[in-house]
Structures are given as structure tokens and as C-alpha cells.
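One structure is given here, and the rest of the page talks about it.
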């Protein structure tokens, strides 16, 4: 664990994690307590179900090497280029560039690469710690900047830990039967605080170096102990990870790389259980300021809802897969196929462009960080709860039924049956039957299999379920202003002007 | 195989297969050549991946016992009550009752119960064999009646074998490089014909007793050898089955019955390869009458597109699962939840009622069988290519993200981790955590897992992909009649009346 | 008024109104109090804004002549063929035939022909009067049968009067500031009752011979005086009609018949004000039985929601108009045009077939009348609140922008400008420019103009606004039954079987 | 006409048109040849049907006074603040600001304010004239800059004239029976060119000072004479305008201002006929460079498709009107009403944000002007062909049926009937019946009446019908790049990398 903590003042930082390979190595030997299929996992890096999710994070490092303009940025904190995922947005353009990087990584991995929660948490905490300090003369902001600086210097992956398991949703945290249903401070002393509770379905938590623990919702005065924000190393004592099953997860344990569809990359979500985990004061960024919990949640979700632009990159892959399947079937130029590809593209670009618009319309917070437009961020995310499902449906339409009835790789490799399959599953001339099956398996992977989890269901619920966006849209729709516009044009006396 | 052929005249038929248990026993010991995961399956009945699909067929027998009004009918051919699946529709009401039985079986199994292809093929062949005889003075219709009578008496399951693998879709059968890409007659003699080729993704083929082999599309004069219709026992010499992989199929091989979602029931699709399979003349119902191939395909798809009413029964299960998930989360009465359940129901009943309307508007064919309304059958099926996806999306919305991040059954049963899970994954008071996970696994099963194959992708492509319905709707839309209506009202001289 | 009342017993009925011409003559000279554009209308029959709505009703008589199978039926009450609009449904097939007649009349008029409210009210009152009698030993049912018999014999048009103006929607009738905001009994004596109040937007009221006054919603014990059902002649003393404006209504007052789009036919809705209008006891069918008000409303809306099948006939006209516009533009065979026509047809047939299914699934009431399936009736009507808008949108897409920028008929007939228009607004060879404009004006009429009122907005709100259907769907969705289905398949112990 | 031409060099420009009032005065006395309802219009400014469209343009001037930051900009050409509508975009932010101004004017007028065509044509011609010069050493760009400078200095409104009437759409211009079906050069001499032909449905043409005539589509070598771009004063000799009828246009001719819905503002489209109209060389910006026609059309539509952001401003009015109607009905807080307002807002903001994203992603052309992102512009416009229809449908849902059945203003003002109406059409307490009717008339105006023409049908066809956007999306979807992404992830050997 020592390798992940802040070095004593005056000491040199070790060299940052720079390449995908560095990153994968940095995860080894951490003795995490990870459970999967009823067993403790020895080394997550080598577990065939887990590894694809690690590869997806590694791709973010590799992109920083191959395209530094996109994936790194000059940090005012360190004076050096750092990962864009650890950067505090100093302009609307910084936010726009986040979106472009997200789309690109979606294209390269076809799945969730797990670093956006950390990025968005860093940006949200920048302004919130500043404003808590302003209100209560606390020192959170400076502590937080030190933490971010360390993260940038070391090249760490930051995971978030926000979504409490919640228990009875009709009750606030302090009224739950069991206080642990929301993460809370169980003990405090001069050195720091201890926290208890669990956070559900945390994206990429095991693949991170640090977790930023944050409250999950608006809190009241009686929820003071639940108003805790802090950074903990992933391998801190007392943390247990219970891995979430994904559709078709067992295919990763088979030999061969066809049936998995996307053998290299996958997502990761796990439950994180905190059993009295210690956080030193230097890593505590909120403790008891319950009236700032809502602000933190709202700013985080504002950033994060627009981060779902990544799904337009994943959508690019699925559109390409559908086009390839049509090509292999010899029907790429049928008018209805072309029209469906256009529809998929129209929808996919809607995700992208609403994200970009939200980022572009950012405004400067008191702390100096830029926050994107909240209304449009909600519009973006709300589209993400529908559009990938429709793109997936159209991809299945174009793919044809074989995507769910094709034989296994083992059949394809069987000495006799393999030939029969190759004889009968031919598409247009010049297409290898194996390639045809590969592209269908990719579509299966993205619409039913492991990456459907990220492309579909996580698109639905990540950063808030659909109704959360509708509530936020309702709040910001300026209804009274719009009523005035209408009354004025209808010739109804409103007692004021038109709002000019 | 002898047990499945027609007994010599004068001999008594053995007792019919009556119960689900009878049915399962009837499948044992047939020495079928079935390949799955690169291995020949010893006994399909006992294979954990295959068995759920057999259970689903067995449920059709059990329904005939528990609800004979719905699932059996008095047969004019035998003078006894027979399975409705083997019955020739003698009235519009017979077709309507098929739909009601289909919905009920969808409700009971939550998946495809695999008997509709046979039912629809029997009905289609009734009129087509009659009309071929009329045109060419052949004797197909009588032979076919004998076959149906035997099927009714013995209580057999009939599978269809229609969808050829097709090769290059821009070429007719006789122009393909390899003639085997469409099933065709490879040899004829006094006793019968031999056929070669393969049929892709055949629903329930292994679980059937007989297959009705039929051409897949309109044929021309040069495609004469491809115009073959006949009945073959499933265990005929020369047939090989290659089992299609399904999403999450491996979960059926795990211990426990939670993670499968619907452990008892599943669907089945396999590729059927005919390597010079013999059909005696008594079981040949078309041979060379290529100009009747289109009629057969159109009548079969007319019946079959409306048979997708079964999906409204499956939809009932998914609606119920979503409502249960909401209940377990304590949010069943939130207005947005209620509204989503209404939307799901509205859509689901649209499938059902378009099917019913098609069946009700049936007309009598020359042979006496009733054929449902083709326009509305296409409208029904076309809805089925979209509505289950939207119901599935809404079910995922209501379910919450845990449906794709819940831990495995093995974790739940782990001596320590199991307690942690039970502590933290509580919903509202009084709900067992295991039950909560069970209902989420069912939703996963139906929207991403094994039964998503049938509820989603098979809904898309079975009985013809969406574009096939659009073409058929275009053919039947009476465009010129509608143009006359419009011109008359617009005051344009049409040279005739309004069509009254 | 004498001509419209029941003749003294023993006297011969005058000959029934048989033809459209008879019907139009029957409306003349009634001295109705009708207001339009701030003036009392001398003779509605001759008012250019009103006449098209009368023509639409006249078309229902003409259809009875040209197609008696469809538009008339043998009445058990009179022993003669009578208008299907005045017939009590004695079988599911009677209800199905109503739908077929409705579609045909939609095709012939392109608008609302205003007779369905009466038909549906007659059918609803048949069973409700019977059940009130059963409960309270009243004599409503027999009175009502006498009324219906008279209506059948005389060939009258029956309008409904249900929708109260309602005032403050959060208060029940008896709590309104002004009791007149709901129609109620203002006085009773030995001869009958007097009613006061107003009914909003009553379809075809002025074109009817009698109005059936009915309560608008569920009533409580304190609303007793509002629980009044009775028949009043349209020209009864004390009734005032205030005509509703329709989009583009003034075009009916211009010379020429092009710009109106559909010059011959239109709909009609007016507010009906009852200023102490007398109803003799012989025409009172409910008085004070408040607990049957909800039953009446529910049965009426059950019939009426499925009556919106008429819109599929209107949709046929609009599809035909769009196809004609495409033809005139020379693009009828463009693949995107064909695809849009298919989409319009698919949607239009969805309306039709959900209506048919509801009628087909009718059940017999105690009084002998058949009532269609309520769930499916709501599904049908709910589609009608959306589908015509989408068909209209697609029609505008196909039509091209000229439909809203074409010059007036007067310009077309101008000696110089007319030639310029004819030179420049040519479509494909062989198409008369006037015909091209005529078809575009029809599309304008149906999507923006007079008949858009009926095809769009009335489709939205007639027989209950969308939310009313959603509430009814929620009530009937059998949620607990569906939850049981799901729990059983998920392996959750439900304490009972699967509902078989 | 002299007042609108460029003053001789050395002379002072007259003072610019600055206020809405100046603008209206500038239109008087021009002796335009305008036909409407079969008559030549004496003075368009005073015609009640035309005046609302003039008021909408006047509002653009008034906004420049009240909010100069939004509606004016410092011009590098003149060194002074000029109307943003006449400005050449020098940065992405300039394009974004156009969108913000468009939305604001949509909010203020509830209709089309007719100045975007000119703005977008100026920006498109800036780069195209530059690139023609580059290719052929012509002098168009400098001429064009002089023209733009004059327009900026004088404060003129520029209309476009692009959409030819086209005749047989399957033939190119030079193959038409009548060459006049596309505007073309009919004569050339030393002084200039003369043009003939007609442009259909030109927005705001009569309300402009100058028209920019441009070709309508890609041209070939034989279409050289059709490759003409030039500026002509609106009152040039030989131009005739034939006014397009709009839904409910006659209501503008009635007394009173209620029934029109939006009495003050409207749109305008007319056919412009050029009967040998002279253009001096100084105002010719393309003549015969047929291979640049496609570039001009594509750049113009690229700007213009994103200009439909104005519809989000009009949508704001309609959302406000629906919310007001709900408020007046006392149901503003019903959950389904709130949900519909959220849906309308979500959709409306989608239009806005896709427009903003397109503008933000602009790139610099060789001439220095910025051109917005074409893919996203097409996505934006494509949404505009659907979203306003759905917002309109939801507004009608919320409004209730009274919006199409309310009595006329004359009835409301009738001494007796007016009181009856006021008695019965009460909504919730405190709402004036007239106000209730006013807001419903506004919704009628925007969904069926005059401004539905702009909000719906023009949204469909302006800047290209839906299929035009689909074609453009298909061209730019980078299909091969996306296929590579998919193949790489599926493990198919593509012979190259992933495109990093």
C-alpha cells in the first residue's frame, strides 16, 4: 500500500505510471480482498473474467502515449503534462476535450474504460471543497489540491464510491434500521476518521489506485455522520470487493477468443464494503457539512451525465459491426440497410452533440474550475437511457438471426463439424466464415453479452436513472419564464414585459 | 426410429404421448447426432443446456391436461380430442384459440415453447397440397391428411425446416456455387427421394418427433429440385444437428438455480444438416411444383407472423417481473413506475390484439382450412420486432442497475460473504435478499440472457425479418384504392366513382 | 318539434328518413338557436361553414342505401332492417361490423360523420338501464327500449351530451360555486324533469334529431341531482348551441372549392346550453341513481374508445393523398417514399386491428347487449392519440413544402397570374397543376385545416384524453397475476401455483 | 428603388435602418408586384395578412436595440457594430451567438422572423466566392465584400432565392421542357446579366431589401447558364411575387385579436418570378462556374440546417403556452402534466444543443469565414423534422379539446352569448375566460394555424426535406472507419491498425 500513498514531504515522487503495461504492473500484488463466484481471487490481474476490464483501463494509458494532445494536458498544478482524467478543467474547451477523449476510448475499447467517475469527482470536489471552505473556513480545498497533485504526478487511476446501497428508499440515512446502509463515519480521532457501509456497483473500483468516497444524496442535519468525503487507497485495510456478475461472463473462461465477442475489453462493477476503514485527516475533504452534500451530488452528476458521450464511441463500434455484418451478408447496399445505418448514426451523433454542447456552455465556478451546462447534461444522459437500446435493436436487425444461433468456436474447430459449418455458413464470396461469426459475436457481446451491460444497462442507470434526469430537467426548465413568453404573444396582460 | 413411423394399416396405434413426462421419455434413446461445444451430445434430454428447452415443450403437454379447452380440440380427422398444435383450423375461432393458447404458454414458460412452426406448417400445407392437386392432379393432400392424422393420434411434436442457409443472397438456388446451400433433392427412385442441404436456426428441431421440410422462398422453373416438401423423422439417418449458442448458456451448467434467471425453461435453435436423407413417397407433399413454393411460404408466414402473439405471454412475465422488482425496491407506487408499467402493458396488448384481429378476420381456403388476415399478421409481427425491445428497456429501467451487478449465487451462499450481501442488498422491509436477486436474474435472463434470445432477437428475425413484413405490407396496402379515395374528396376527376 | 317526437300510440309512424337527401330535408326549419361568429344562424343547413358537417352525416344514410349489409341490420325491436347506428349489438360480430362501417365512412368522408356517440350511448344505456331496474325496480329499461324503437323506425340521428364544462376540476359537482357547471335537474314534477347546465364540444349535436343527456363522471351521494339521463329533441325549448371555431373555417365561406381541401365534408362540435329544458318522464332513463353514473361512463367509453377505428378510414384517405402527391411529384417509387407509405399503413392498421380485437372479444351483458373488451378498447384509443399525428407528419413529409405555400384558388383563376402559376408549379408530365394543388390542399385540410380538428385533436381528446386511457389500462392490467407468473419462473415461493 | 442601391463612390451612405419602425417605413412605397387572393396588393405593409410577417422582421431590429450584445457585432468590414444577421462569422463563437439570437427571436415572436436565409447565404458566399476566385482568377470575392459592406452599413434585410420550382425532378435543368423551370441567365451584355425563372416558397422575400439568387443543386457542364449567383433589389423590374396561403390566414382579416392566436407575428413565404430581371456585373457573384454550385448549396445548407435552432425558441413559447393552459385548467401539478412538460423540454433542448454543438465545432475556411460542423448540422435539422410535431402533439394533449371547439371572439363579445360563454367556460378560480381562450388560440395558432406552417411544415422542408439530411448523414458517417473499429475488436485481421 505504501506505493500508493503520498510520499513524505521533501522526497521525490517515484516515476509516474505511464504506459498500459506500467499500469497493469501497478495493480499486481496488492492483496485485495476480491470475491467472485464464491471464491477469493488470488490475483485479479490474472483472472480471465477480470482481465478484460483491466485492459480497458490500460487503453487509456496507451492513448496518452499515442495521442498526447487528446489524452493529456498541461497541469497548472504540476507544470507538466498529466492525464486528462486527472486534470481540473480550466476552460470550456477542457471539458469539450474530455468528451472527445471519451468518444475515442469508446471506439478503441467498445466498452466502459472506467476512468470518468474519478475525473468527474475531481472536478466536482474542486469547487465544492472551495465553497465549503468559504462557508465554514475549513481547509479542505488545499488538502484536496495536494491530493490531486499527487494523483497527477503518480499517474494514478481514481475510482469513485458514491452509490450507497440505500435499504428502504423511503427513509433518510439516519432513519434506516441499520446505519451501515449508507456509508458513514463510525469513529473519529486526532488522526482521522473511520468509515463503515457499502457502495453498490462501483465502476472500475478494483482497477483503481484510490477511491473517492462521497455521499449519494441530499442530506439533512440529522445525517451529519453520513456527510463524509475522503480518499482511500483501494487496498486499504477493511475493504472487501464483491464482483458483479455480467451477462456471458463465463465465456471469458473458455478457450478461444471468438465466442466472447470482444475478448480483449470489458467493464467492471463491484460492491465495495467498508468495514471501519481509516482515512487520515489529510485525505478528508468533507466531514459533517451535510448542507453541501446536495451540491456535491449535483455537480458530480452534472459532469458525469455528459461523460456518457463515451457511449457514442461505443456506438461507433456497433454501427461499424452492423455495417460489416451487412457487408458479409452481401446486402450492404440494400436501401433499408443503408437507412438503418443512417438512423443509428443520427441517434449516435445526438448523444455526442448534446454532450459537446453541454461542455461548451460551461461556466466558471468560484474555485476556477469550469462546470458544464446542467440542463443539457441531463438531456444528453437522458438520450443515453434510450438511444443505445435502439441502436442495439437496429444492429440486431441488420445482423440477422445467426447472431444468436451460431455454433461455438469449439464446433468451428471440430475436425468434422467445423467443415460442415464452413460449408453452410458462407455469406457472400470472399468472406471467411470465421470472420462472419466473429462480427456476429461482437454484436451479441454488445447487445446481449458482457458489453451490453455497459452499453445498455449502465447507460440506463449510471449517473442516475432516467427519472433523476427528468426531475432535474423539470427543475431547470424555466417554466415561469416560458409562461410569460406565451402570455405576451397571446395578448394576455402579464403585468410585465416579455422578459427582454 | 420405428416408434415414430406410421404403423402398418390395420395395426393399432400405440397410445399417444399425453403428459409432459410421456413426452420427455419419448425423446430418450434416439441416438441423434447433436453437436454442442465441439462434442457430440450423448443424451440431449440430460444435457443441462438442452433440458430447459425440452421442459418448455413438455409444458405444452401439461397444459393440455390442466386446461383441455384451451390446448386440445376435437379433431374431425380422428374424432377425438387432439393437441391444438396438430389441429387443422376449421374456423376463425380455431385460429383465435391458437393465439390464446400461445399467450398462456408464454406466461407459463417465459420463453419459446417451440411448437408453433409445426402447427403453422400443418395449416399451410393443408391448403397448398389441396391446390397443387387441383392444378396437377397429384395426390399430395390425401397423403398429407394421413400424416396429420398419425401425428394427432400419436401426440407428436412437429418441427419445421424452412430457412435455408442461402449462401450468396443475390443468387437463386440453382445459381449458387454449391447447390447444397439450399435443400434439394439429390436422388429419386421408386421408393422416394433423398435430400441434401442445411436449414439454419431451426426452432425446437431436436425436441421434435418429425420435421416438415419446406422450401424457403419463391422458386423458378430452374429451381425444380429445390421445390421439395416432405416429412422426416427427427432421427432419420443422415441428419446432423449443430446446436446454437445462446447468451449466458453456460449458466445452465453451474450448480444452483438462481443465476440462470429462469432455470426451468429455455428455447432451442440449431442448424439441421441433411446429408442425403431419405423420404418415402408417402411422406412427400411437393416435389417439383416450384410455382407453389411462394404460395406455401406466404401462407406459412401468414400463420406464423400472427403466432408471435406468444410474445405477449412472455411480456406478461416481464411486466410482472418489473412490477415485482419495483415492489421489492419499495417504489411500486411512484407515479413514474406506474406509468412505465402502463406503457409496457399498452405495448404488450398491442401485440396480442393485432394477433387476435388477424385470426378473427380469417377466410376459408378451398381445402376447408381457415387462413388468417395477412395484412394484420404482418402488422402484428412487425410490432413484435420492436415492442419487446422497448418493454425490455423499460423493465431494465424499473429493475435498477443491480440486475447487472449482483453477485453470483455462489457468493450469496459463501459462509461469510453471503452474510455481507444479505446485510447490504436489502430492499424494503420484509423482502428476502435472495428473492430480490432472483427477480433481477429473471429480468436479466429475459433482456440479456438465454431467454432474451427468444424474446428479443428471435422476435426480430423469426417468421421473417422486419423488412420482409414491410414488403408484404406494401403489397397489400391497396395504394390505388386509397389514391382514389383521396382524389374523390379533393375534387379531382378520377374517371370513376369513389369505390363504393 | 312535433315531427321528432314519438307519435301517439295507435298512430302510424311517418316514413323513416332513408336517404341523405331525406336527412338534409329533415333538418330544415327547426328554428334552432345556433350562434356562430357572434350571430344567430338563420338556417344551419344553408350555412357554408355548417353544411359540410351535415353532408358528412348524410353520407351515413347514403351508405345504408348503397351498402345495406354494412350499414343496416335486422332489428329484433322492429323486425325490420334499421340503421346500424341505432342498433343494439346482439353479438360480437355486430360490434365488429360497427367498426367496419366506421372505417368505410371515414374513407368516404375523410372526417368525423358524428353518429358514433349516439350508437355507443344506445348500447351503453341498454345494459345500464337494465341493471338499474334490477337494483331499484325502476322501469327505465322498457322506456328506453321504446325510445330506441322509435329512433329505429323514424331513422333518427342521436347525439350524445356527456362532457360537462366542469369548472374547477378539483371539486365534485355539488361543491362547485355554480351548480350549472354540471348539468343537473333544476325542477321535477309529475310530468317530468327540467335540466340546466352546459355540455362542451358536443360532436354533431346540431345535426342530430335527439340528444341523449348523460352524466360525465363518477358521482357521489351528494351529487344526486346530477345523476340524470334523458332524451331531448334537439329543438327543445331552452337549448342554445354555440358553434366551435375550427381551423380554416373561413375557407368554407370563400368562392371555389379548392382551398377548402375537402369542400364537401367536415366535422362539427358545439357547446350545448340547457336553460331549464323539460324532459317528460317517458324519456328519463336515470334520475338520482348516482351509483350507476360510473358504470354508464365506463361502458360508454368502452364502446366509444374502440369506435375510433373510424380514424383508420380517415387515415386511408390521408395515405392515399400522400401517395397521390408523391405520384404527382414523380417520386412515387423512391425507396424512402415507399417506406414512409408502409410506415403509415402499419400504423393505420394498428388502429383498425386493435379496434377489431376489442369488438371481437366482447362479452354478453345481463340485458343481452354485447360489450367489447375494455383493455383493448383503451389500447386502441390510446394509439389513436398518437398515430394520426405521426401519419400526418409523414404525409406532410411526402407532400413537400408547397402544401403550405401554394397560392389561392383566386390566384390560380386570375387571368395573368393563373398562367404564371400553371407554368411554374408543374410536377411530372401529365399532371394538371390544379390537381396537384387540390391534393396538397386536402393534405393541408387533414393535417392543419378543418379536418385536422377531427383527425388530430379530437383523436386526442374524444372519448377521454390520453391519461384517462392510461388510468383504465392500469386498473385492468392484472398486476398481481403477472407478478405471480414472474415469481414462479424466478423460483420465488409464492405460496400458490402459477395460476393455471 | 434608388434608396436600396449602392450609393456612388464618395457619397455618404444614408443613415442605416436601425429600429423596427425604421424598418417598417423602409418597406413602404416600393410598388412591388405582389399578388394575394387573386388581387394585386396595393401596399403590403398595410395588408392585414402580410403585416404580421413584417412585424416579425421588425422584432429583429428591436432586439438589436434592446440587446446589442446578442443581436449586433463589431464588423471588421465597416469597423462598426452591425446586425449579426449581416455579419461574416469570424469564429466558432460567432456561429454560437447566431444560434442564441435565433432562439431568443423565436421566443419573442413565436414564429419565423425570416432573416436566417440571408445570414446563411452571406456566410456561404464568403468562402465560395473566394474559392471560385482561387480556381478561375475571377473577382467575385471582392465584389461580394463590397455588397456585404453596403448591406451592413445600410442595415438591410437580405432574402435568399434558392429553391427552384424544378418541374420534372428526374431531369437536370438543361433537359427540362421549359428552361424557366430553373432560374437561368437569359441574356448577357457588358453591363450585366438578365435572369428568368421562378423560386418557390421564399421565406420573407417581400419583407427583404435585396435577394441573393443562388442555384438550387449540383450542376453539370451543360447547366452552365443555371450557375448564376447575384444580388437583386426586391423591387427590381420584372419580379412578381405570388403570396402563399397559410392555414387560417383569413383570421388576420377579422376584427379582434384573439382568434388569430398570435395576432402580432407571422411568417411569410411566396413564389418569386423573375421575368428577365437585370443584374449588373457588380452584383454577380457566380456566372457559369457550374462545378461550384454543389459547394455553394452544401455550405449554405450546412449553415442553414443548424439555423433551425430558432425552433427551440418557438418551442419555448409552446411549452409555456401548454404550462399556462394546464395552470388555467387547475392541473399544472398533475404528475402526467409535469412529465409531459419535461418531455417537451427534453426534446426542445435537443434541437438547441445539437445546433450549438454544430456551431461550436466550426472550422475555418480559406476565406477566413467559419463553417459549422456538417454532420451535426444535419442531425440538428433532422430532429427539427420530428420534434416540433411531438411537442405540438403534447401541447394539444395538455391544452384539452377546447382549443379546437372554443367559440369565436365575436361570440365572446356578443351581448348575451358572451355572458353564457363566460359563465360556462370557467377554469380554476381567478382565471379570466378570455385569457383561457387566448392561450388556447395561441396553441391552435402554433399547432394548426398560421404559425404551425412555420413551426411544423417549414421545419419539415426548410433547408431540405428529411431525406436530404439522411443522404448527407450517410455521406459523412465514416462507415469504413467504423467497420475497422469493429473488426479490430472482433479479432478480424484488417491488414491495418485501429485507426489510432
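The first chain written gets the first letter, and so on, giving A, B, C and D; residue counts start at 1 in each chain.
The working rule: contacts are C-beta pairs under 8 Å (C-beta built on N, C-alpha and C of every residue); 3 or more make two chains touch, one makes a residue touch a chain.
Note that the coordinates shown come from a computational prediction; the quantities given were computed from them, not determined experimentally.
Visitor: Most remote chain relative to subunit C, going by C-alpha centroids?
Guide: Chain A.
Visitor: Could you report, rounded to a multiple of 5°, the rotation needed to superpose subunit A's C-alpha atoms on subunit C?
Guide: The best-fit rotation has an angle of 180 degrees.
Visitor: So the centre of each chain is just the mean of its C-alpha atoms; given that, what is the distance between subunit A and subunit C in Å?
Guide: Once rounded, the distance between the two centres reads 53 Å.
Visitor: Hey, how far is the Cα centre of subunit B from the one of subunit C, in Å?
Guide: One centre to the other, that is 41 Å.
Visitor: For subunit A, which residues are shared contacts with two or more other chains?
Guide: In subunit A, residues 336, 339, 470 touch at least two other chains, as defined above.
Visitor: Quick check: in the complex, which residue numbers of subunit D touch subunit C?
Guide: 35-39, 165, 167-170, 177-178, 180-181, 198, 200-201, 240, 242-248, 250-251, 254, 259, 269-271, 273, 329-331, 334, 336, 385-386, 389-390, 392-393, 396-397, 400-408, 410-411, 413-414, 417, 420-421, 423-429, 444, 448-449, 452-453, 456-458, 460-462, 465-467, 470
Visitor: Help me check something: in the complex, which residues belonging to subunit A touch subunit D?
Guide: Going by the criterion above, the answer is residues 63, 66-67, 96, 107-110, 257-258, 261-265, 316-321, 323-324, 327, 338-339, 341-342, 345-346, 349-350, 352-354, 356-358, 360-361, 375-376, 379-380, 382-383, 435, 438-439, 441-442, 470, 473-474, 477, 479, 481-487, 489-492, 498-500.
Visitor: So in the complex, the part of subunit A that touches subunit C is made up of which residues?
Guide: Interface residues on the subunit A side: 335-336, 339.
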